[in-house]
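Right after this note come the structures.
In the two complexes below, chain A is the common chain; its partner is chain B in one and chain C in the other.
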Partner chain A sequence: MAVDVAQLTADIAAGDIPALIYNDRDVFELERERIFGSAWLFLAHEAEIPSAGDYVVRRIVDDSFIVIRDEQGRVRVHFNMCLHRGMQLCRAERGNASHFRCPYHGWSYSNAGELVGVPFHADAYGGEHGLSPKEKTLVTPGRVAIYNGLIFASLDPAAPELEDYLGGFRYYLDFYTRQSDAGLDVRGPQRWRVKANWKIGAENFCGDSYHTPHTHVSVVEIELFVDTKARKRKQGALYFTDNGGGTTYKLPPGTYEERAGYVGYPPELIESQRRTWSAEQQALIADAGFMPSAATLFPNLSLVHNWPAVNEEGLIVPFISIRLWQPVGPGETEVYSWFAVDRSAPDWFKQASYKAYLMCFGSSGMFEQDDVENWTSITQMARGRLAQRLNLYNRMGIDREGKLLHDPVEGWPGPGRAFVGFGEYNQRELLNLWSRYLANGSAAPVAGR
Partner chain B sequence: MAVPEDTQGGSGDPDLIRRGEPLEITNEFAQVRVCKIWTRNGERLEIEAPKLGYRIWLDPLELESISWQTPETFSRLLQTPFGPDRS
Partner chain C sequence: MLSFTSATHHEAHEFLVREAELLDERRYRDWLDLLAPDIVYRMPVRVTAPETLEHGLLEDMAHFDEDLYSLRKRIERFETGHAWTEDPPSRTRHFVTNVRTFEGSAADEVVVRSYVLLFRSRGDIRDADLVSAERTDVLRRTDAGLRLARREILADESVLRTQNLAVFL
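Right, the complex of A and B next:
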């Protein structure tokens, strides 16, 4: 069935989600072309490739890329396809190499992407007369840019600057990815596939505070993370700005130091945060009293920051995870889950934070297990014939006429708009963006609306 | 110098006095074996590419000269990615 993008856009703008978007081949083909063919997409963190020659192999849907630090220390992204017969050049998921040699016929490339060697060049090609290797380089995506060590690519050479794309979301992204000038250390990714549509995780992390007390009730029951209780969760604020949004938890009264200490940061990390973040950024914690938790940058990069108890004595330690919802098809997603921690953190903290992460997220994490059961079920249901007639109710926080039930938070210290309490404000924002991309291949408003 | 019997002349080179513990360096593109070797009067580093059947013994001066090469030198060496193009 051909996709009626205009109808999709109208439904989504009204807070109705055509259920089929969670498992439909035609919708997926459009997403592949207009979202994954143009938006800025996360590939890797610089900390994964610290030394010259270090590389990881990553995908943007079906396109494979080598993300490598070349011999000059510059980060490069090469389309992982030999220029000769199209063989995949790097097949190991990670490694270190100054040059790549194609397994098929041996065409060889420097890690800067230049073709340097062709077997039997004189016999086979008549030397330079037939083929000048110097003129050939591996294909690159349209654009590559880095923010706080996060390496992004866009397949669209005309994509806006990454900093403009991130826009106000940089204010929030810094909480996760720049807690000091030392930057992040990352472990992973753990990688696994779930039979779920990629958007469900992105929406969940973007703003679904409503599911936490129910889906994750066992996390509350065993007192792994007590702030997930419904009465605490609904006090959190939900913010959205430009291409991203997220959830927060309300902190108990106190100074910046007391509040950051409440979620488990030791004094030396609190000091470096205060040195690193702007006064406006610190005000989110110190004045407004909110601590960032889960977030999503459109389309498929999510972050999470929680503070569970990691031992029987109830030691609270925060952790950060970066996650990518990489589509495999309309009904399947490859989840990439990194553990991230400030590089300057003391060793005991890094270890305890890693434990906190493993208890909550990653393939062994309790939150992860709970979530995926829901997401695979939604995806399975969305395949059915009746799902094509059903619009899901995405109107939490607005009345029947679409009027907001609550006013935005006054004096919110960060960019964008924020609300306290349960509401699907952010999911609506994310899906509105999604439908604009489906229509235009960009965030530009749909013509005629 | 005491030479353990089991390491003597391991490569079939009768003049080799001793061969050190081999070290393997591999990635998805290539595999090489590196080891220190002792001749009667001196020492060298052996680099062996077992899958291609090449081997070279480099003395300290040659090795020193490698230490100041640029990546372009190796790109030039790799113009023939499987060794010399012999017909």
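Right, the complex of A and C next:
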């Protein structure tokens, strides 16, 4: 069945979600072409490839890329397909290499992507007359750019600048990825496959504070992370700006130091945060009193920041995770989940924060376990015939006429619009973006609407 | 390696078989009782590395990196009745084979290596999951019997094909 993008767009704009979008082959084919073929997509963090020759292999849906630091220290992204007969050039997942030699016929490439070796060049090709290696380099995606060490690519050579794409979301992204000038240490990723549509995780992280008190009630009951209880969760603010949005928790009264200390940051990290972040960024914590928690950058990069108790004595330590919802098909996603911590943090903090991460998120995390059970079930339900008739209810925070039930937060210190309390403001924003990409291959408003 | 006919080998093998029974019957409190107070329970992330298998794991990232506190929290969570991911519970079967026993580095310890194949079935229409791994354990003799002091789980997949690790290996 062909996808009626105009109808999808209208439904989503009205606060409905046609249930089929969570498991439909034709919708997925459109997403592959118009979203994953054009948006800025996260591949890796620079800290994963610190030295010349270090590489990781990552995908954009079905396209494999070698993300490597060349001999000059520059990050390069090469399409992992030999120019000769299409063999996958690098079959390891990570390592260090000055060159890649194709296993099939032996064409060799430098880590900067130049073709530097062709066996029997004279005999086979008549030397330079037939083939000039100097003119050949591995294919690159349309664009590559880096922000705070996060390496992004777009398959579209005409993609806007990454900084413009991130827009106001940079203000929030810095909380997770630039807590000091030292940058991040990144560990992982853990990788696992779940039978869930990629959008569900992205939507959940961008704004679903409503699920937390119920889905994650067990985590409160065992006193692992008590702020998730409903009374506290509904006091958080939900913000959205440009291509991303997220959730926050309301902090108890106090100064910046007291509030950052409440979530477990030690004095030296609080000091470096204050040196690193702008006054406007610090105001989110110090004046407005909100601490960033989960967030999503369209389409499939999410972040999370929580502060559980990591030992018997109840020591509270925050952690950061970067995660990618890599689509495998309409009903399957490969989750990439990294642990991230400020590089200048003391060793005890790094270790305790890693422990906090493992207990909460990732393949064994006690939050993530229950999330994925929900998401696989939704995906399974969405593939049937009745799901094609059902519009799901994405209208929390607006009335029947579509008017907001609450006013945005006045004097919100960051970019974009924010609301306090439960609401599906961000899921609507994310899905509106999604439908605009399906229609146009970009975030531009749909023509004639 | 100790002979397959040695009493120590038999004891270690018996420990693993009984432990598998506890895990498959979800008798997690009984399982906790088999753990030493200083238990280190790790499952490093496996990666596809060039040329060698030796470098095929991440030193600083694991799927599990647990002590008694975090293992106990995981089990307390299952006991709340609100751990949706295991409600209804998975049906699991831990197949333990290729058991080899070695002298430990301390007099009261033995090292036992085994293969484990975890079969996990959820609901009625999902495909079942398999997790295949080798485990290297340190078992310690106590007055109450053998206790698990250390477990390193080496998964054979770099990308796990199970929706989460709300199960133990």
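Note that the second predicted complex is superposed on the first by the 449 of 449 C-alpha atoms of A that agree within 3 Å, B and C clash if a C-alpha of one lies under 4 Å from a C-alpha of the other, contacts with A are read in each partner's own complex, and residues count from 1 in each chain.
The criterion applied here is as follows: a contact is a pair of C-beta atoms (placed from the backbone, for glycine too) under 8 Å apart; a residue touches a chain by one contact, two chains touch by 3 or more.
Nothing here was measured: the structure is a model prediction, and the numbers come from that model.
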Query raised in the report: Of the partners chain B and chain C, which touch A:Tyr125 in the superposed model: first, second, both, neither?
Result: neither
Query - Partner contacting more residues of chain A (chain B vs chain C) - result: C
Report task. Please indicate which partner A:Arg91 is in contact with in the superposed arrangement: first for chain B, second for chain C, both, or neither. Result -> both
Report task. Determine, under the contact definition given at the top, whether A:Gln380 touches first (chain B), second (chain C), both, or neither. Result -> second
Query raised in the report: Touch check for A:Gly188: first (chain B), second (chain C), both, or neither?
Result: second
Query raised in the report: Of the two partner chains, chain B (first) and chain C (second), which one does A:Arg101 touch, if any: first, second, both, or neither?
Result: first
Query raised in the report: Which holds for A:Thr215: it touches chain B only (first), chain C only (second), both, or neither?
Result: second
Query raised in the report: Of the two partner chains, chain B (first) and chain C (second), which one does A:Gly362 touch, if any: first, second, both, or neither?
Result: second
Requested in this report: Please indicate which partner A:Glu71 is in contact with in the superposed arrangement: first for chain B, second for chain C, both, or neither.
Outcome: first
**Report entry** Footprint overlap on chain A, where chain B in one structure and chain C in the other make contact
**Finding:** 91-92, 95, 97
Query - Contact footprint of chain A on chain C as seen in their complex - result: 43, 45, 47-50, 58, 60-66, 69-70, 73-74, 76-77, 80, 82-86, 125-126, 158-166
Report task. Give every residue of chain A touching chain B within the complex, in rising order. Result -> 71, 90-92, 95-101, 106-108, 110, 112, 114, 116-123, 133
Query raised in the report: In the complex of these two chains, what residues of chain B are touching chain A?
Result: 27-30, 71, 74-76, 78-82, 85, 87
Report task. Spell out the residues on chain A that touch chain C in their complex, using ranges where they run on. Result -> 91-95, 97, 187-196, 215, 217-219, 221-222, 224, 311-312, 334, 339, 354-355, 358-359, 362-366, 368-370, 372-374, 376, 380
